[in-house]
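Working notes for the structure below.
Labels run A, B, C, D, E and F following the written order; every chain starts at residue 1.
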Amino acid sequence: MATFGLIEYNDASTEVRAIYDDIMATRKTDWINNFWKAIAHDPVLLKRTWESIKQIMAPGALDPLTKEMLYIAVSVTNNCNYCIASHTASAFGKGMTHAMFKELQAVIGMANETNKLVTGYQVEVDQRFQAPLPR
Amino acid sequence: MATFGLIEYNDASTEVRAIYDDIMATRKTDWINNFWKAIAHDPVLLKRTWESIKQIMAPGALDPLTKEMLYIAVSVTNNCNYCIASHTASAFGKGMTHAMFKELQAVIGMANETNKLVTGYQVEVDQRFQAPLPR
Amino acid sequence: MATFGLIEYNDASTEVRAIYDDIMATRKTDWINNFWKAIAHDPVLLKRTWESIKQIMAPGALDPLTKEMLYIAVSVTNNCNYCIASHTASAFGKGMTHAMFKELQAVIGMANETNKLVTGYQVEVDQRFQAPLPR
Amino acid sequence: MATFGLIEYNDASTEVRAIYDDIMATRKTDWINNFWKAIAHDPVLLKRTWESIKQIMAPGALDPLTKEMLYIAVSVTNNCNYCIASHTASAFGKGMTHAMFKELQAVIGMANETNKLVTGYQVEVDQRFQAPLPR
Amino acid sequence: MATFGLIEYNDASTEVRAIYDDIMATRKTDWINNFWKAIAHDPVLLKRTWESIKQIMAPGALDPLTKEMLYIAVSVTNNCNYCIASHTASAFGKGMTHAMFKELQAVIGMANETNKLVTGYQVEVDQRFQAPLPR
Amino acid sequence: MATFGLIEYNDASTEVRAIYDDIMATRKTDWINNFWKAIAHDPVLLKRTWESIKQIMAPGALDPLTKEMLYIAVSVTNNCNYCIASHTASAFGKGMTHAMFKELQAVIGMANETNKLVTGYQVEVDQRFQAPLPR
C-alpha cells in the first residue's frame, strides 16, 4: 500500500514524541504501532484521537477487555483488517481467553446473519421496542 | 414496509408453536417479538436460527449482557434499526446501566472512526500483529 | 424524509417523459415508481441509469428473475429499504415463489455470517483460490 | 495475517475429522479449504456452520449455482476477499460461464449504484410496495 | 424509535447549556437539532463530539461546503438517513446549488458501483499506486 | 488474488483499444491502470463505465479535485483498498495538498463516528429536516 511513510520516534517533533511517550506509558509498552505513526502526519488528529481513545478505552462502567471485544465486533463488521489484527492482539494481551474469543466470533457471525434476516424479511419494529428507554 | 404478515401464536403450526414456547420459556417472557413471527414463514429457518441464538447467547465464557452489547455493536455498525431497538431493550432488561450504555456507544463511535482513519491512511499491519495468535 | 418532490408525468419535460414512456413500455406497466420520479431532477442521470438498468437486467446468460434476486442480495446487505421493497415486489412479479424467497433469504443471511467468520478469524486465501480464473 | 494456525486433517480430533470427511464427501473433493481449518478451533461452530451451509446450499427451489452467485453478490458488497475468491472458484466449478460471470458483476455494480442513488435522493417507498407480499 | 428522550435547553444542565450556546453561536442559528439533544445524555461525549466537529468542519484547506458534501458522501454510503437529511439541509444552507447536488449524487453512485466492480473482479493494486505518496 | 488476468493494450481488440486510447487521451497519460484492464473482459461494461466516469468526473458545478475527494470518501467508507490507492494518487495528481488530504481524512473519520452515534442513540429526524428541499 502507498502511504506517506511512518513517523518514527527519532524523526518525530517534540509534540508528536510527547504523545508517543504518553501512549507507551499508558499502555505500559515500549513500542508504537503503525496506526499512530501514520496519523502522526497530522499532529492535531493524532492528539485528538489519542486523547479520545485514552478516555474511552479506560476502565469505567465497562472493563477494558469488554471494550476491546466491542472494538473487534465493529472492526470485523467493517472488515478492517488492520483493526482486527491490532485489537485482537490487544484483547489477548488484556486476558481474553480462547473460549472468549470463540464466543465473541460466534456472536459477531450470528448478529450479522440475523441483521440481514430482519432486513430481508422487512420486519417492522415492535410497539414495545418503540417505548422510551428507561432513564 | 411490505411483509408476508406475522404468524401469531394462534395461527401457527404445532411445529412453530413449539419453538415459540421454547423462546418464551427460555426468555422467561410471555410474548414473541416480530422477528420470530416474520421468519416463522420458513419453519426450518426459524428452528435453526432459534437454536443457534439460544446456544450462542447463553452464559459461557462471556456473560449474556456482554453478548447483547456485542450484538448492539454489530447492529449499529450495520445500521439495522430493528436489531438496535430489540437488542438495546434486551440489554437494559439484562442489567445494562446508563453508564454502560454511554460507554458502549462511545466505543462503537470511536471504533468506526479509527477503522476509517486506518483505511484512509492505508496503514500496513505491523509485523508484531502478524505473529500467530496464542493458542 | 425531505426530497425535492417527485416529478410526475404531467409535469415532466418531453425528455423525461420519453424515458418514463420507455420504462412503462419495457416493463409492460402503466406506472412509474418513485425512484425514477426522484432522479428525474437530473435528466442526464435518469437517462444513463435507465439505459444501464434496461441493458443489465434484460435476459442474457442470466434470466431476469435471477438478476432480481441478485439485486435483492445486494440491497439487503446494504440495508437499502426502498431497494428491498421494490425489488422484492418485482421478483414476485417475475415468478419468484415463496420457496425461492425463503431460500434466497437463507443464503443472504448465511453469507453475511460466514463473511464475518472469515474476517474475524483472519483466514488467509488458499493457494488454490489464487490461481488464475478459467478463461 | 495472524491466525491460530490451521487445523490440518492429521492433527484434527475425531469430531473435527468427521466433519472434514463429510465436507469432502458432500463436495466430491479431496481437500478442505482454509475457512473450515480455521474455524475448526471451535468445533461447535464448525459443526453448526457446516450443517447450515450444507442444508442451505443444497439444491432446492434455487439451484446450487444460483446460490453461489447470490453468495458472491453478498461477499462483493461486504468486500470479503476470501469469500469472493472461494465462491467465485466454486461457481466456476458448478458451471458458471464467463458470460454469466460478467452479468453477475454488472448486476452487483449497478445495484450498489442505485442503492446509493435511492438513499442520497431520500426516496420514499411507494404505496404499492408497502402492500402485503403475496402469500 | 425508542430513545431516552431529547434534552431540551430548558431542562439541560449548565454544562450542556454552554455547549448548546456555543453550537448556536458558531452556527449563527437559534435552534439545536436532535442529534445534540440525544447525545446530551452523555455530556462528555457531547463536549468531545462538538469540539471535534467544530474544529474539523471549520474553514481550512477545504471550505465548509466541500466538507459538508464529503459528510454526505460518507452518510449515503453508510445509509444513515438522519445524517443525510441533516447534512443535505446544511449543505444547501451553505450554498450548495442544485447542479452541485446532482453532481454530488452522481459521483457517490458511480463510486459505489466501481468500488464493487474492482472488488468483484479481484483487481490487484498497480505497482504505481504502491509507491510512497508525495510528502 | 485470482483474476482472469489483465488485458494489455497489445492483446486488446480494436474496440477495447479505442477505449484505452480515449482513457489515455482524456487523462493526458500514457498508461492504463489495472481496473480498466480487468473489466476489459467485458467490453460492454468497460465502455459504459468509462463513458459514465468520463462524464461524471469532468469539470462541472464541482471541480475534478472535489470529485476525487468525494470518491475517496466513498471508497474509504466502503473499505475498497484498490479504489483508495488509485483515487488518492489521482487526487494528488490533481493538486490535492497535504493539508487538504489531512482535512479530508479527518472529515471521513468524524462522519463515520457521528453516523454511528446517531444510529446507536436512535435519533429521530427533526421536523425541519423533513421539509421539502429547496428547488
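What we mean here is this: a residue touches a chain if its C-beta (ideal position, glycine included) is under 8 Å from a C-beta of that chain, and two chains touch if they have at least 3 such contacts.
Since the model is a prediction, treat every value here as computed from it, not as a measurement.
At the interface between chain B and chain C, under half of the residue numbers appear on both sides, which makes the contact a different-residue one.
Centre-to-centre, using mean CA coordinates, chain B is 21 Å away from chain D.
Centre-to-centre separation of chain C and chain E, using mean CA positions: 27 Å.
Between chain D and chain E, the centres computed from C-alpha atoms are 34 Å apart.
For chain B, the set of residues that touch two or more other chains comprises 1-4, 41, 45, 52, 77-81, 85, 88-89, 98, 102, 104-106, 108-110, 112-115, 117, 119, 121-122, 125, 129-130, 133, 135.
If each chain is drawn as a node and touching chains are joined, the picture has every node linked to every other.
Residue ranges on chain D touching chain A, taken from their complex, read 1-2, 41-42, 45, 78-80. By the touch criterion given at the top, residues 1-5, 44, 48, 52, 55, 125, 129-133, 135 of chain C touch chain F in their complex. Per the touch definition, chain D reaches chain C in the complex via residues 1-4, 31, 33-35, 38-39, 41, 45, 49, 52-53, 56-57, 60-62, 66-67, 69-71, 73-75, 77-78, 80-83, 85-86, 88-89, 92, 97-100, 102-104, 106-108, 110-115, 117-119, 121-126, 128-130, 133-135.
Those residues of chain F that touch chain A in the complex are listed here as 79, 81, 85, 88-89, 98, 102, 105-106, 109. Chain D makes touch with chain E in their complex at residues 72, 76-77, 79, 81, 84-85, 88, 104-105, 108-110, 112-117, 119-122.
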